[in-house]
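Comments concern the structure below.
Letters A, B, C and D mark the chains as written, and numbering starts fresh at 1 in each.
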């Protein structure tokens, strides 16, 4: 029965995807991609991926909409009407042929949910078995993320770190000749301060979002959650504050210097925990030696590196938001 | 026992999607997105029970908390656009 | 007892589903923005109350029902607020209702 | 009912190509970025679909699920990190688009090439 629900949701997902590409109005595209993210998260949940769905929820609903809208406010609201058709016809033919080839190839794919598929033969079951004895936490996803595949996650954290630094480099420069300029910057009351009802309700929500973010961060070993989701949630709470009270007040709460410290600090914390493994006579990112009891040591290492991940993700997402907002208020 | 409500929710999501696609004004689309957000929260909550893992309500909780930000961002976007281009209506 | 709870929760959830569907239909079929908002309001208020209380009956006294209650409270707080924000934004941008015109059954949307 | 599972793969194929179409046929740079994120989402969907095990449940082992089958955690780990990386790289792309807008006063690819030719 869940397969039928999945098929319905996938159909909605497809329609949304096609509508996103088809519409000329960029604002509509952004709105529809918000919907796309909601539907995608529901699909992930049906496919047993609660952690992934939580990540999509934390990132897709708030932050990506805010970032796309602020980019839109600076650049353009409408796509230009296409001038020549030949380009699109060629693209359409290429895309159609490739779709047909891909669909043809799906008949050779393993059956949906097949226990004999190659995916379920190698390391997957091994992780499921070893987690209980080596780390002893319920959430296998967190265990694989932090401990078994700690290198991967370290790499991903550094990609996020690099992207944040890249945005700061790109948008930290002086405004270009065609920058929209902002005549309202000094006179206009910033944020939504004079919208009383959203302001009151929003201010009430912020502590709950922060609290929930911390819950997700530290409950990640036992339920869906972890550093990536928590970082996105905490960043979303601060962004909500910035929207309600104006960006300048949000910068007073967490100044730019602190944000840069967070970006670097989280990645450094992760790396340092890895190095401690070497100092104590084992391999890089092997947490077993952090304490006399290996299981306990693994759990300690996991908590530390998840904290590092959370700090970096919060710092990067908030810095990106502030860099965009400083470029032109949306 | 959850099937009826899940079908109602999914069909309503389809209706909201139709409203988002046909518009006509941007406000209709925002309304549709907002509605779809509420439906998703409820759907995820019911799914958590359907899949027999009611401890996964965190997801629905996340959406219940976060959806608001998108609407506020849109509101701010409109307000600044109105301030910049007083004549434009959409 | 168990069965009674199940039946009650089924009735609550199905009623909630019916309201959700009515709201969705209204949001699609109503003639202008404000009436559509009015219809969508059903799905933001009564439907979550019914569906979530149905689920709470299923969950019993566990952490899950606390989370469900939190979900309900947040939905009831944010739903009307976003409707209000949206309506005021639309009103400020100069959208008006066409309520002055009498209802004509055969009129186009 | 089992054969319905192949619909997941078809959705992946169509979504992937819808995203690719936006990337190669649309001139607007923001639209291209949105297309790219659709492409990404399709890949995410494929990975998670692959990891699903029939009759399985989420790989979080509590007492109630001691004997249950669990879906494969590995694809979930890969995609979980990829989502956050995806939003960071999307932001990087948007940053580049904002700089292009400031220097060229347009974000349409053909107009930018026109200006570059001068």
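Basically, contacts are C-beta pairs under 8 Å (C-beta built on N, C-alpha and C of every residue); 3 or more make two chains touch, one makes a residue touch a chain.
This structure is a prediction, so every number in the text was calculated from the model and none was measured.
Q: Can you tell me which chain pair comes out on top for contact count?
A: A-D
Q: Report the inter-chain centroid distance for chain B and chain C in whole angstrom, where each centroid is the mean of the CA atoms.
A: Each chain reduced to its C-alpha mean, chain B and chain C end up 11 Å apart.
Q: Using mean CA coordinates as chain centres, what's the chain B-chain D distance in Å?
A: Roughly 20 Å separates the two chain centres.
Q: I'd like the Å distance between the centres of chain C and chain D, where a centre is the mean of that chain's Cα atoms.
A: Inter-chain centre distance comes to 31 Å.
Q: Which residues of chain A are in contact with two or more other chains?
A: 48, 50, 63, 72, 195, 198, 201-202, 205, 208, 223-224
Q: Two-or-more-chain contact residues of chain C, please, as numbers and ranges.
A: 74, 78, 81-82, 85
Q: By residue number and range, which residues of chain D touch two or more other chains?
A: Counting only residues that touch two or more other chains, chain D contributes 57-58, 60, 62.
Q: Pairwise, which chains touch?
A: The list of touching pairs comes to A-B, A-C, A-D, B-C, B-D.
Q: So in the complex, which bits of chain C are touching chain B?
A: Residue positions touching the partner: 6, 9-10, 13-14, 16-18, 20-21, 23-25, 27-28, 33, 36-37, 40, 43-44, 47-48, 51-52, 54-55, 58-59, 62-64, 67-68, 70-71, 74-75, 78-79, 81-83, 85-86, 89-90, 92-95.
Q: What residues of chain C sit close enough to touch chain A in their complex?
A: Residues 74, 77-78, 81-82, 84-85, 88.
Q: Provide the residue numbers of chain A that touch chain B in the complex, in ascending order.
A: My answer: residues 1-2, 5, 8-9, 12, 15-16, 19, 25, 27-28, 31-32, 34-35, 38-39, 41-42, 45-46, 48, 50, 53-54, 57-58, 61-63, 65-66, 69, 72-73, 77, 184, 188, 191-192, 195, 198, 201-202, 205, 208-209, 212, 216, 223-225, 229, 233, 236, 239-240, 243-244, 329-330.
Q: Write out the stretch or stretches of chain D touching chain B in their complex.
A: Residues of chain D touching chain B: 57-58, 60, 62, 65.
Q: Taking the touch rule as given, give the residues of chain B at its contact with chain D in the complex, in rising order.
A: 51-53, 55-56
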